[in-house]
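Heads up: the structure comes next, in structure tokens.
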Amino acid sequence: MHEQVRDYKVTQEPYYRAVGDEVDLYEAAYAVRMPMMLKGPTGCGKTRFVEYMAWKLGKPLITVACNEDMTASDLVGRYLLDANGTRWQDGPLTLAARHGAICYLDEVVEARQDTVVVIHPLTDNRRVLPLEKKGELVEAHKDFQLVISYNPGYQSLMKDLKQSTKQRFGALDFGYPEADVEKEIVSHETGVSNDVAGKLVGVAERARNLKGHGLDEGISTRMLVHAGSLIAREVDPLAACRMALVRPLTDDPDMRDALDAAVTTFF
Amino acid sequence: MHEQVRDYKVTQEPYYRAVGDEVDLYEAAYAVRMPMMLKGPTGCGKTRFVEYMAWKLGKPLITVACNEDMTASDLVGRYLLDANGTRWQDGPLTLAARHGAICYLDEVVEARQDTVVVIHPLTDNRRVLPLEKKGELVEAHKDFQLVISYNPGYQSLMKDLKQSTKQRFGALDFGYPEADVEKEIVSHETGVSNDVAGKLVGVAERARNLKGHGLDEGISTRMLVHAGSLIAREVDPLAACRMALVRPLTDDPDMRDALDAAVTTFF
Amino acid sequence: MHEQVRDYKVTQEPYYRAVGDEVDLYEAAYAVRMPMMLKGPTGCGKTRFVEYMAWKLGKPLITVACNEDMTASDLVGRYLLDANGTRWQDGPLTLAARHGAICYLDEVVEARQDTVVVIHPLTDNRRVLPLEKKGELVEAHKDFQLVISYNPGYQSLMKDLKQSTKQRFGALDFGYPEADVEKEIVSHETGVSNDVAGKLVGVAERARNLKGHGLDEGISTRMLVHAGSLIAREVDPLAACRMALVRPLTDDPDMRDALDAAVTTFF
Amino acid sequence: MHEQVRDYKVTQEPYYRAVGDEVDLYEAAYAVRMPMMLKGPTGCGKTRFVEYMAWKLGKPLITVACNEDMTASDLVGRYLLDANGTRWQDGPLTLAARHGAICYLDEVVEARQDTVVVIHPLTDNRRVLPLEKKGELVEAHKDFQLVISYNPGYQSLMKDLKQSTKQRFGALDFGYPEADVEKEIVSHETGVSNDVAGKLVGVAERARNLKGHGLDEGISTRMLVHAGSLIAREVDPLAACRMALVRPLTDDPDMRDALDAAVTTFF
Amino acid sequence: MHEQVRDYKVTQEPYYRAVGDEVDLYEAAYAVRMPMMLKGPTGCGKTRFVEYMAWKLGKPLITVACNEDMTASDLVGRYLLDANGTRWQDGPLTLAARHGAICYLDEVVEARQDTVVVIHPLTDNRRVLPLEKKGELVEAHKDFQLVISYNPGYQSLMKDLKQSTKQRFGALDFGYPEADVEKEIVSHETGVSNDVAGKLVGVAERARNLKGHGLDEGISTRMLVHAGSLIAREVDPLAACRMALVRPLTDDPDMRDALDAAVTTFF
Amino acid sequence: MHEQVRDYKVTQEPYYRAVGDEVDLYEAAYAVRMPMMLKGPTGCGKTRFVEYMAWKLGKPLITVACNEDMTASDLVGRYLLDANGTRWQDGPLTLAARHGAICYLDEVVEARQDTVVVIHPLTDNRRVLPLEKKGELVEAHKDFQLVISYNPGYQSLMKDLKQSTKQRFGALDFGYPEADVEKEIVSHETGVSNDVAGKLVGVAERARNLKGHGLDEGISTRMLVHAGSLIAREVDPLAACRMALVRPLTDDPDMRDALDAAVTTFF
């Protein structure tokens, strides 16, 4: 592994609980270096999955949280001013392409389309990255793969990937894990008993049914881990759920009452 | 404590009058380094609370007043031009993450979403901050915690946190203190008698009932402290209340009359 | 007084004719360093008042005319490029906070909210100014006070101060002076006779009644001083009033006729 | 006269044909250094008038054509990068204020309000110009005067001067000159006979009656001079009028026919 | 001719086929240095005409293709950073004004109004160009003339020249040439026979009748030259017309059928 | 071939399966250096075609993926800061024009119109590229040709090429290849049997019929190659089609069911 990307190696196995054939499919996709798109709601484990796959494949992982003011230069690189004039510095995408890392663009719809478009030549059979400002044409390293995530429920009419971008990717769907799997995750990550973990998952299921009926999103697995970790530190479960599940989710008094009631049912 | 953040230590105990179990809950959240979101109206004591907690936990506190033109670089850092080329300077968020301070982003909905998104990798289990421009991946110091504040009544449709941001935080609600507590605060902070403080709180309660009926916000505890401190300097109470409570709040002649009348009732 | 702000000392007593208890109230506010907001229509003497108070209190006064493209850096300071790299230069707000001047932000609603928000930490009990780009936390000098002005009739829905800003200030209302006072001012400032000054004030009163009925603003005291100074140079009073009072105010032919008629009534 | 503004002296008497008492009124206004606003349609002689007055008063004249992307720095000055770091360069407004020129801001409504607002401290009794970026407070030279022009028929709802700006100026109205005067001007400037000049003025009068009935503006004196100068070079009058009066004014076929017919009537 | 503009001399006579008295009128306009505006649809020969006139008059020609992000600096010039600090570089407009070239601003309505406004002082009797950033007032060389082009059918409500700009120019109308002239042009430029050229012109006439009835623009002379040059290389005329005349013009299937049918009629 | 563009030579024959006379027509267009526009849906082979033609003609190919934040400088070049001041660096368009490459602007409607307009002088008989910032006029190398691509179904009212741009190009239409040709392509590119390739093409044809009835775009040849390459690695065909054809294309549950059913029909 090239020293420039060695820091990005995932050295410890991330805890990931597979819910279907996603691990095998991803391995096949990586084998042909197919660019991948991970779809699913916030906090359901997309980022964890790509960390797990990078660990399993033994490849470095460079993650970029996308945002609407990220310029193409933030991905590709730029000239820095130096004592001896200007010096080129590779951006995270160039670093990954040049030295063979998996590059993960998290929440890619947040980025402006012009930023997204720089990935096109890396995602067709050319597998090159033109550094127009430097006048260099980087041929992607054989280990390089591009992965993007996006939340289909979140995108608005104004923010969506173009078809000419989407069609460059294979896609995997992610959702909240099934009750038993999620219970196992919460218990494993926080140390609470199976019983408490099950109650938390029960609350989450109630809340997820309210999605679209007053809630924009359901309670994510991540939030359950938050609540569990407070309970594990002997915070009163009602207070823990209010603080970690209900208050962050909504400011609507009726929804809060409904969620608080759901919490009381279980604890 | 690292010398770079030593200046940010809160050396004197800030005056804070707890109104519930918020101190204990915050301590539990800090123990698991859960990112925290403080919700409540303007001037009700959110900033004071986080200062108090930083003092109680003995951790430095770096406060950033967010605004809509704050760039990610303002939080994370930037290269400065130097006699020998460029020199990197950590921004407040990087400083806090690197050396173990509590970083408090005040009125975070004011910031652009792209600026907000840079906190994501610090608020999940990775606890890292990628400095993309520097090509460095800062692992958060074990003492680092992120705290944000926001005013639920204030946010518009255009300005709200994304669910994928909200779900990363535990949340505590704040409101105006109850009458007795507020009286104690006003008296303690300004030196006016309990009787005068009580009258000021009485005026505030009248005004708060008008919120949504012609007033955008009620009179805050901070405004009562303003009025009290004028009265303590022997300004006529009617003039002090007009100047510190009524005139700043509204330009509507009818609302002014109603508020002036409320003042006259008490003084 | 620190040499950096000595140039900003008001050395001559500005002519100011008090119209109520505003001088005493301001002195009490300054005694507790309460941030002050001066409200009133254009040209009614707000700027003159703050100059007078700075002179009376013997403090330097740094005035900033706000505008919608003023950045936070314009207030706080910036790095300048130097032969030896970069050099920090305090902006007017930092200069005032560091060395103890009164900082007067004129027409503050003109500024963008992000610029306004930098004054927050200077206007609560912290009295600090974080220079985020420099990594310095300026503690305000004991003499520092912040004063802002704004014209309530002028602000639109798009441009208003946020409640969380307003509530940090005590407020004083200003209006056009009463006839006798204004006559005295016009005569004192231009050298015209009391009789001529009275006629000019009479014209202004007619015009002020038309505010909201075809005129956006009335004739200000400043405009009367303009007209008076022309008459004092023996310009024909009708021509002077047309040029200094009527033509600048409106391009509407009917309003011009009405105002010209008012002028003819008096001269 | 200071050498920095000597180049801006108007050395030759510009041809200006007074139409009323505007020369005397301007002289009185200059005597008290009242800021002046020249109102009127495009091409009616406002710029020529201010050149004439600068010549008559023997003061240098610095003209700035305003536009909506002109920044405050374009008026006030900026730091330039130099071999030895940065060097300040006065903008045209600073140059005029510092060394005593008349500064003429042409079509001031074109400029952004934030640019306009920098002239405020120069237009009240302070007569200062704060160079915030330089930390200098320029006291205006005793000879300095500010003059602005604007076209009342042109301004839209989006682009108008604020009342707090307008009220700082005395105002003079300009219109197209009366027929005899305009004939004299056209003949003097182009060398055509009085007869030809009269015919051109006749065409212009017809066109001006169409303003608001299909034409946005009438034919200006400047356009008549254009047509006249072609005729003086023996271009056929019909072709000259088409090219200099009709084609530039409108692309509407009906209006063109009407105007061409008017031309044929006279030639 | 000054060496700085010698490269811009038009050394070979451009092929231009006059359609009226436009050459004589332009010469008269140049004789009095009247700024000129060339109006007409795309591809009808405006650019060719100004090249021809520059050649005929023996003056260098500097052409600028205007666009909506062209800044005033792109026209006027800017400071470049150099080993010894900053160095001024004249923009194309300054180059032309200083050394006496014809400056041709192609499609001037594309430029922002603030960019357009910099030409004002060059287009009235002053004939100067203030370089505000450099503090220099360039007096236009006696040979300098300004020419602009614009397409009246193209401009939208949002993009039009201001009257105060239009009135500074004499105007010449351009259209597609008459059939015989156009046939001669196509044959001369491509080498096809008169017969083939005539058929191409016939197709164009059909298409031009559809302008406004489903087509935004007609087929230009330039497109006929494209088609002719393919036919001259023995491409099948039907394929050549499809590729050079029909496919670039429209994506509407019905319009394509109509145009293809017109082609078949002739070939 | 000049060394500056030697890297851009296409050294291996790209696999391209001609579907009509497009190769001959392109050769004729190149012979007269006619600028070319390639129209067609995403993923149908436009980029592959221009690579093939560059290989066939033995010319270097410089490809630029256009985006809405690409500035004219990104195409034309810019000054870089160097130890000895500034140094000019040609952009990709200048490189191609100067040294004789084919310059391919992919998805040109994405670029801002001001960026597009810089190609105008290269696409008429002048064949020059003015480097306004450098003050240089580059005459295009005799081998230079400009090619642009665009997707007619994709452009919105806001984003289209101007007629004055379109008319500078010859145009070739591209579509999805016919079933037999596409089967051959999929089989050749992935190694799957003719039978499997035929089934994939069958799925694609079903999906393409849904374009405009719930799908924005059909399944492209590129997506079929993705699916085929997974099947060739022994991924279950149903899972491969879901991942490579259906999931990337749509998030609509009904459309997904319809497409999944189509897949099941064939496999």
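Read from first to last, the chains carry the letters A, B, C, D, E and F; within each, the first residue is number 1.
As a convention for this text, contacts are C-beta pairs under 8 Å (C-beta built on N, C-alpha and C of every residue); 3 or more make two chains touch, one makes a residue touch a chain.
Computed from a predicted structure; not experimentally measured.
A.B. asks: If you take the chains that touch chain A and keep only those that also touch chain F, what is left?
C.D. replies: Intersection of chain A and chain F contact lists gives nothing.
A.B. asks: Residue numbers at the chain B-chain C interface: does the shared fraction exceed half, giving same, or fall under half, giving different?
C.D. replies: Shared-number fraction below one half, so different.
A.B. asks: Only C-alpha atoms count here: how many degrees separate chain C from chain F in terms of the superposing rotation, rounded to the nearest 5?
C.D. replies: 180
A.B. asks: Let me check something: if the centre of a chain is the mean of its CA atoms, which chain is farthest from chain B?
C.D. replies: Centroid comparison gives E as the farthest chain from chain B.
A.B. asks: As a quick test, compute the distance in whole Å between the mean CA positions of chain B and chain E.
C.D. replies: From the centre of chain B to the centre of chain E is 60 Å.
A.B. asks: How many angstrom lie between the CA centroids of chain A and chain B, rounded to a whole number?
C.D. replies: The mean C-alpha positions of chain A and chain B differ by 30 Å.
A.B. asks: Determine the centre-to-centre distance between chain C and chain E, using the mean Cα coordinates as centres, and give it in whole Å.
C.D. replies: Averaging C-alpha atoms per chain gives centres 52 Å apart.
A.B. asks: Would you give the residues of chain F that are in contact with at least 2 other chains, written as numbers and ranges?
C.D. replies: Chain F, residues with two or more chain partners: 81, 84.
A.B. asks: So in the complex, which bits of chain B are touching chain A?
C.D. replies: Residues of chain B touching chain A: 21, 25, 28-29, 31-32, 34, 37, 39, 71-72, 79, 81, 84-86, 112-115, 117-118, 120-121, 124, 130, 132-133, 135, 137, 152, 162-164, 166-173.
A.B. asks: Quick one: in the complex, what on chain C touches chain D?
C.D. replies: Checking each residue of chain C against chain D gives 7-8, 42-43, 47-48, 63-70, 74, 78, 80-84, 89-92, 95, 106-107, 110, 151, 154, 216-217, 219-220, 222-223, 226, 229-230, 233, 235, 239, 243-244, 247-249, 251.
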